[in-house]
Amino acid sequence: MKKIEAIIRLTQYESVKKALEEQDITFFSYFDVRGVGTAREGHLYRGTVYDTSIIERRLISIIVRDENLEKTVQALMSAARTGEIGDGRIFVSTVEETYRIRTGESGPETLYIK
Amino acid sequence: MDANSALDILWILIAGILVFFMQAGFALVEAGFTRAKNVGNIIMKNFMDFALGSLLFWIVGYSIMYGGEGAFFGAFDLFYNVEGDMHNLFFQTVFAATAATIVSGAMAERTKFSTYLVFSVVITAVIYPISGHWVWGGGWLSTMETPFHDFAGSTVVHSVGGWAALAGAWTIGPRLGKYNGKTNAIPGHNMVLGALGVFILWLGWFGFNPGSQLAISGDNANAVAGIVITTNLAAAAGALVTMFVTWFRYGKPDLSMTLNGALAGLVAITAGCAVVSPGGAAIIGAVAGVLVVFSIEFIDKKLKVDDPVGAISVHGVCGAFGTLMVGFFALPDAIGEGISGVFYGGGFSSVISQLIGIVSVGAWAFVGGLILFQVLKATMGLRVSEQEEREGLDIHEHGQSSYN
Amino acid sequence: MDANSALDILWILIAGILVFFMQAGFALVEAGFTRAKNVGNIIMKNFMDFALGSLLFWIVGYSIMYGGEGAFFGAFDLFYNVEGDMHNLFFQTVFAATAATIVSGAMAERTKFSTYLVFSVVITAVIYPISGHWVWGGGWLSTMETPFHDFAGSTVVHSVGGWAALAGAWTIGPRLGKYNGKTNAIPGHNMVLGALGVFILWLGWFGFNPGSQLAISGDNANAVAGIVITTNLAAAAGALVTMFVTWFRYGKPDLSMTLNGALAGLVAITAGCAVVSPGGAAIIGAVAGVLVVFSIEFIDKKLKVDDPVGAISVHGVCGAFGTLMVGFFALPDAIGEGISGVFYGGGFSSVISQLIGIVSVGAWAFVGGLILFQVLKATMGLRVSEQEEREGLDIHEHGQSSYN
Amino acid sequence: MDANSALDILWILIAGILVFFMQAGFALVEAGFTRAKNVGNIIMKNFMDFALGSLLFWIVGYSIMYGGEGAFFGAFDLFYNVEGDMHNLFFQTVFAATAATIVSGAMAERTKFSTYLVFSVVITAVIYPISGHWVWGGGWLSTMETPFHDFAGSTVVHSVGGWAALAGAWTIGPRLGKYNGKTNAIPGHNMVLGALGVFILWLGWFGFNPGSQLAISGDNANAVAGIVITTNLAAAAGALVTMFVTWFRYGKPDLSMTLNGALAGLVAITAGCAVVSPGGAAIIGAVAGVLVVFSIEFIDKKLKVDDPVGAISVHGVCGAFGTLMVGFFALPDAIGEGISGVFYGGGFSSVISQLIGIVSVGAWAFVGGLILFQVLKATMGLRVSEQEEREGLDIHEHGQSSYN
Amino acid sequence: MKKIEAIIRLTQYESVKKALEEQDITFFSYFDVRGVGTAREGHLYRGTVYDTSIIERRLISIIVRDENLEKTVQALMSAARTGEIGDGRIFVSTVEETYRIRTGESGPETLYIK
Amino acid sequence: MKKIEAIIRLTQYESVKKALEEQDITFFSYFDVRGVGTAREGHLYRGTVYDTSIIERRLISIIVRDENLEKTVQALMSAARTGEIGDGRIFVSTVEETYRIRTGESGPETLYIK
């Protein structure tokens, strides 16, 4: 199994979610992270610009069977893209085992993402 | 007691109750403009300012301020309790508590709680009532040929707080990370709290200024109504002008600064609210709205004195400015027989009196505050440890975070 | 001035101060019912509504509304400053500022700040005072044979705001993501702020309605006390009934809707608070509590006009409803010699007058608002860009987020 | 009506409006001291307490309390509507709503909403007005030889709420996870809300106590001013002393406890505010500030009754304490011809009367509450399910979280 | 070493923590994520049901030596289970190296979880 | 590529960020976690000490090329260290693939951290 971690713009989340659903990927987890990188938002407080390089982003984490890796990455990539600097990144790594807590079963076949 | 006297007492009490509520306003502004990790601490300081102030002003402060006709000092009678004058004790108490509260904002996020309490005691029981006596208690500033005129306390209350705040913020030094080569912004954690605080302060000012008429019977009623209008127009003008100034200067209208702008207008009109026209009030408020922006920038970026809420500019600078403007905008005979502002052909005699008052009270508050803070720094210590500051005063000074 | 006159002025000032505080209530309700990313923007709009309103109503609005006896227009005198009438200027100013504020809520989370300011100027300086003049300034609605009766402004203030809000929310269109095939909920970010706002509004209404008696001396005292009771009962009934309606309809009592229910009761009783019995007030409030739920649903789901805070239903619909109810519930001779509500055998003459007022003022506000918004849309642009809306108005319009 | 009568009505209305605002204060304190997942629920309960209370006290409560001279019960007239007495109806209504509200805090985070509403109806319409009649409505406690003296309701309002809260919190049992072998802290989610709530309550108390003079004309003006001072000093002393007590006991000054300390002082002075000296008030407040800390600890750790906001200690214990202190601190002849407190040589006759009142009203409220809660527990069910409690009452009882 | 990531119900956290402690697993990290999946909570706002599939969950991350994998997974699984849909999942992957910042030491033996 | 996850004190974040920048590591993500471990903060609420072992920490996640692993770990370690208990830990694992969403390119060479 593969773990796909995509760091995307907060504002692209809805369209990413939709794109994933269209690929029958309806199970995933996400949380908000702050990304440090080149994209910058200029903030202003009481006349002092605090030109920060810290950006709110959403990290989507999906564990898929190996055969679903490609289509998931593609769906993520096209839906998260705006073409502007700051679109984010995807990282892929290996997951060795998974368990469904409710039943105690293990193995890739217990992933809802068939 | 006849109906008119009862009416006057009723009005003073209601005005005092409104001014009391300003404590909540100050607490919210200071909480909103600082970081979440220090919010319980700043509220505790505000809360204790009022608790201490109420007790101390009753125990000794009111007597120092109003207890006698000396040029520099009233009297030293303990536990004020004069039947028929308790409404005045109350009204003066809520004023006194304001001065201390101003300082807590400028020194927020780094001042030791125990030391702050000692400071709060001294300013409410000593610093404020003494200079207050000079102006309102029959002291030397009120007996000059052209008397110093500060109707509701631009100088007596706000500048005293503002200059003590300057002494304190300068003595204690900036928050960690505020100045490292350049000036950094440390955004306040909750602008809604800040805005609600300003609404509450504006509300309370309708007790602060109109209540300072100390009566509403007879012709006082129209005077009070006039003060309500001047107060409101100055605040509105201050807010509006500050918004446009920030818009032009920074490209975008800045909310936190605009909130300060309303307060700047309110502080500035406090001295002259009873003696200027509505138009005069709007102008004073508008100019204060410009002044506060440049003053905040100057103090922050040039003086490098770190004042998280802008208290020095709002209360010190705009308080002094507003007091001075009385000398320019006072309507003919409004301050006294034959005295008018410069713009009404009155010459500079009033301006000079105003300057004398501004400088003498300002020097008293600043130097008094400075000595006090230096002594506290050398003895109890004024500042929390670096670790405490980094991790938050709430956890370290009170053992608990405010948001859970 | 005798004690009674001073007493009246005192009461008008206090009532005005309470109404002023409603600005904070509106700001909190609108902030709480919208999303965190736009909260600074909505507060800034509310804040500027009052600042602009205070200045403009003094400069020109008060004169338009009360400056003369014309059928459609008062007078055009600049910078109102009449000794002995400043309490009225203040009381009317705080009313005027309310109308604009209502609109900001319905158009929240997508309206350009600069454009909104222009709108705020026009409604406070032109739209509101003109129709206000018709009813309260001696204009045509007040000189009909059976005069149109709107004691404290269900129509004059609230409906004007509500119908202008409808024009605005319809012109600007819904927030992104609100309607895509189906109607989506966009939950407000902080119900505590919303609830505190409603408590503050309820508080302020004790100035709004009872203060509109414009006196408290002599028999006015009992009249004022009666209005306090009708106001309070209508609010309580509105809140209670709305809670049960949402409970039956949705299976669970909805907090945000219940808060609207209290406001619906308050808006509805505003027109008739002085002429109905406590029982009548409770019934009017209760029916408004039903009405507001169905109105919000209808506007949201059928008309597909996106009103984040329910302002159109609360102020427009319930304002019109309450004004109409005067024709049914007015106690005998309460409005004028020989005039009673339908339920007291008075026939429909009063109902007809009420309808004339509701429709004419409503049409004026809606059409005036519509033209204004269409012009603004075509010129300055009414709406922020899609990116700005997605990422939040706070960052884009003010360069800073409100929570840090 | 002469100016004095109008003045009195004006004062009662203003005081009532201030007391109304205490509802917001209670809501905020209870919201701040509990967890975010239950905040909408607690606000809804507070909101409904007032809506129900307003309607019920008008429908039946006021008549039970004030409608006749019976020893135990007033009268049972429906829909109170007596021209010339509506200001009293209003003032008593806002008092009545306070008693129920106190209970919601002690039972927060686990009580079923529907059951709570039933409780709220019974306490406002039955429990409170009956014991209220004994003291204020001409009942048996007021006709004893040395009458029971509770000027503004330490016992009539606060203890009734406090003892009913004890009955409720004990019947319903502690929140999940509060006691498992040891006593666990469940920190409130927002101390800023709690502090703002206390500021608002303190503000409202300036209506609660001074308003209970029920007049301000003539000599009442000075009496009212005196009550303002005693009220304020007791609150200040309570806050200050509690802070130091927590500092010594826990090593750090505890904000949430200090907030309770101010309320403890306010509750304690409520009975005697009109008959004690400023010094007496300060002492009563200070002792209440000690008492509240130990009482909260005792109830929490020894009795193991889980009261998230400290309502039982603040309102029940300090209310009883303050009522008793009248017997010790009452100034000579202040309660009535020939009656003085122990410290002024008056002997124990007043102390005994106070004890009779405290015990009889306390027993009525506690036993009445206990029976009611036991019946509700056996019928409707008092407590939400374990899952609902874990996941939050907001989601389960109202289908929506309050922060989004 | 193995990294165990368990996505559990917020409300099971306390019992999971206790179960881990009983196995001497007293070091771990957690944060809150939102899970997208089949378990649904019905929310209602002003009469509009927003039948959302987004659920607040807690992600517990524990790095253990290989020999502790089994007992940790078992402890997690039994304590997190309620048997209702929505109990969550466990994912296991490999961690190659670890460092104790305080001392600079590295290797599995620096894990507190022996 | 390697994924470096460092769990550090909130208060060391600024100096860690600076140390990373000095090593030209200007791209990373972070979020706040709660660590369960030996370091304890004593909290007090209304007289009840709730001696908790739960500490707010910041998790910094950096994906680097293999050759940058060492210097990144060193930078993290020295900047995050205070020497007191509670300094935190670093975990290293393998990442197999990465994509730059904006352009769709993949491979280690698309990492900004050269």
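We just call them A, B, C, D, E and F in the order they show up, numbering each chain from 1.
Rule of thumb we're sticking to: a contact is a pair of C-beta atoms (placed from the backbone, for glycine too) under 8 Å apart; a residue touches a chain by one contact, two chains touch by 3 or more.
Bear in mind the structure is a predicted one, so any value in this text is a computation, not a measurement.
Common neighbours of chain B and chain E, listed by label, are A, C, D, F. Graph distance from chain D to chain E, where chains that touch are one step apart, equals 1. Where the sister copies chain B and chain C meet, the same residue numbers recur on both sides for under half of the interface positions.
Centre-to-centre separation of chain A and chain B, using mean CA positions: 51 Å. Chain centres here are Cα averages; for chain C and chain D they lie 34 Å apart.
Residue positions of chain B touching 2 or more other chains: 3, 7, 10, 14, 187-188, 190, 250-252, 254, 256, 398-401. Multi-chain contact residues of chain A (touching two or more other chains) are listed as 31, 43-45, 93-94. Contact annotation for chain pairs lists A-B, A-C, A-E, A-F, B-C, B-D, B-F, C-D, C-E, D-E, D-F, E-F, with touch applied as defined.
On the side of chain D, the complex with chain C involves touching residues 1, 3, 5-7, 9-10, 13-14, 16-17, 20-21, 23-24, 27-28, 31, 39-40, 43-44, 47-48, 50-55, 58, 79-81, 83-84, 86-87, 89-90, 93, 113, 190, 193, 397-404. For chain E in complex with chain D, the residues that touch the partner chain are 10-11, 14, 41-45. The touching residues of chain D, counted against chain B in their complex, run 2-4, 7, 10-11, 14, 18, 35, 187-192, 195-196, 198-200, 202-203, 206, 210, 216-222, 224-226, 228-229, 232-233, 235-237, 239-240, 243, 250-256, 258-259, 262, 277-279, 282.
Those residues of chain C lying in contact with chain E across their complex are 183-188, 246, 249-252, 254, 256-257, 293, 296-297, 300-301, 310.
Within the complex formed with chain F, the chain E residues making contact are 3, 17, 26-31, 61, 63, 93-102, 104, 112.
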